[in-house]
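Labels run A, B, C and D following the written order; every chain starts at residue 1.
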Amino acid sequence: MPNDGVPRELLRRIRLVVLDVDGTMTDGRLYYGAQGEAFKAFDVRDGHGLRLLQLYGGVKLAVLTGRRADLVEQRCRELSIDHVVGQSRAKGAAIERIAADLAVPLAETAFMGDDVNDLPALRKVALSCAPADAADEVLREVRWISLRPAGRGAVRELCEVLLAAKTGWPPPEPEPLPAG
Amino acid sequence: MPNDGVPRELLRRIRLVVLDVDGTMTDGRLYYGAQGEAFKAFDVRDGHGLRLLQLYGGVKLAVLTGRRADLVEQRCRELSIDHVVGQSRAKGAAIERIAADLAVPLAETAFMGDDVNDLPALRKVALSCAPADAADEVLREVRWISLRPAGRGAVRELCEVLLAAKTGWPPPEPEPLPAG
Amino acid sequence: MPNDGVPRELLRRIRLVVLDVDGTMTDGRLYYGAQGEAFKAFDVRDGHGLRLLQLYGGVKLAVLTGRRADLVEQRCRELSIDHVVGQSRAKGAAIERIAADLAVPLAETAFMGDDVNDLPALRKVALSCAPADAADEVLREVRWISLRPAGRGAVRELCEVLLAAKTGWPPPEPEPLPAG
Amino acid sequence: MPNDGVPRELLRRIRLVVLDVDGTMTDGRLYYGAQGEAFKAFDVRDGHGLRLLQLYGGVKLAVLTGRRADLVEQRCRELSIDHVVGQSRAKGAAIERIAADLAVPLAETAFMGDDVNDLPALRKVALSCAPADAADEVLREVRWISLRPAGRGAVRELCEVLLAAKTGWPPPEPEPLPAG
């Protein structure tokens, strides 16, 4: 796993993971019908990883998007992600509020994003992350880059790296597992 | 065909094939609209292979998913897959029940899955299978790995390998064939 | 263009092109919602090629699918494909009827398909065609194989090859063109 | 960035960018349901680039499609693209009208398109552009070719190249940014 260069101590310290949506949890495709955006495509193994990270790693999860959050809410409910922040035009300020609301310091927070508007938030957290296919400006700055692209395993790999440092991966007793 | 290492005798013995859905019959994308998951994308040639496996190989089919099964049911009806088990959090126990219900011993059962929550079921069957793009933990354990990824031919290849061992592939009289 | 081996005279003779749908006009993905199959994904440049083939090449078009045709009809109307045959389980017999209905001999007919159930029809026409990602059994038999996969340019390339032999490609006066 | 060969002076001069939709802003897939075309898939980073090009580059935007525009309108509203021209069968004439309506000379206009029916418009503008996966006939003629395919960053790259020549890329003060 490509956590070379990220000290295990930092990985173990992370207690909050915040995720951008489009281009991070999805592959960036926005499906529009006549009434506007109609759906988003998430990855089943990303979801499974997030559930395991909560259950076995004790990590809190939040979602931070510059767009409307309604297409995200159902998926976040399934994944027990309570903190969903939409319509955010200033992600740097937003991630400070999220961390404060969840009572986790930014020094124990990770954020994954893919585009230049994610940079202000990425610069504030202890562990800045990006999918393999993020914008060059993001890839140049973040601390950890997934080997996998957005919506196709980038989030899952982060979950595995964190769990590997915290409790071991895969979890020792894989059954019964929640739906991913 | 990459059935090297799987004895032909084992392939011929298989009378029940059980399939995971997301990441096995589909490419793992979960399409969410405002009302939750809206649809899944199956592969037409996977479906055609399953129909041929039933008709010419006399193999029973079942589907086992950790998620809701309603988006799967219509497709399964088309493919004459009667046994659909959803919401399963303990796939090891579930596959034992499926095999018992269909009166086929696990020693004559194959299961294809792609993620760590499939491992308990994969460990119970005689022929454990995975798509080419399954999680590493699964790829390390299964007996047979498709050359093709999930939702893009992995299931079809399994059907071909089984039919090749049982009656020959492609079936000698390809017309009339049912819709795939 | 990869029409090497297909005599120009044969290409010029073709007056009817019949197309399979799933895995030929689409990439083979079947999108299912709670009410069954919900939509199909066609390629805009395939469509544009078909319009040009009708207008400049004087070629008739038909569609032949083993599945329900309702999701195809709207697209076919747009492309002025009048002859749409669905629910066909015996494509060999069906293509004979299509050619008879349209008063074009099979010796002047092309068919593109991707799976073993297309073989009976492929064997009856003068110009059998397949997308680059067709099943091996089909690739072994057909006369012409596109360099491009299904739903991503395979149909378009056939249109170009036929028009190149008939009247030249691209058409000399590209404006005004119909919507693709 | 692959703006080699395009003089920086030309890039700086561009005050209007006109975009084809299918195969340029999207990957060319047309999703059809029983009622006809149901939705299109846009790219979130393309959208973000267009917003930045308007805000920081002062560039006007328009969309020109040979197909119905209703599935495009909602996305264009989000991106503040006021000028949407649909049902255009003669794109050469249409781009002249668009430029006249927006009071920008064609010598200061860019157009990106992917297929032969875009050629008449591409030939009229000062900066003709194409995605990496455009039709060969288009790739042979245009002045600038993106390294990225349609619907996966081609439009974004054009925005970056233009902004890099005009004001620098990325914009110096990335927060607050509008939703992409």
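The rule is simple: a residue touches a chain if its C-beta (ideal position, glycine included) is under 8 Å from a C-beta of that chain, and two chains touch if they have at least 3 such contacts.
Small disclaimer: the values here were computed from a predicted structure and weren't measured.
Farthest from chain C in terms of Cα centroid separation is A.
Homomeric contact chain A/chain B is classed as different-residue, with under half of its interface positions used by both copies.
If each chain is reduced to the centroid of its CA atoms, chain A and chain C end up 43 Å from each other.
Centroids of chain B and chain C (each the mean of its C-alpha atoms) stand 31 Å apart. Within chain A, residues 31, 38 each touch two or more of the remaining chains. Judged by the touch criterion defined above, the protein chains form a single closed ring in which each chain touches exactly two others.
Taken in their complex, chain B has these residues touching chain C: 31, 38-45, 47-48, 70-72, 74-75, 151-152, 170-171, 174-180.
Interface residues of chain A facing chain D in the complex, by the touch rule stated above, are 22-23, 28-38, 66-67, 87, 89-92, 114-117, 119-120, 135, 137.
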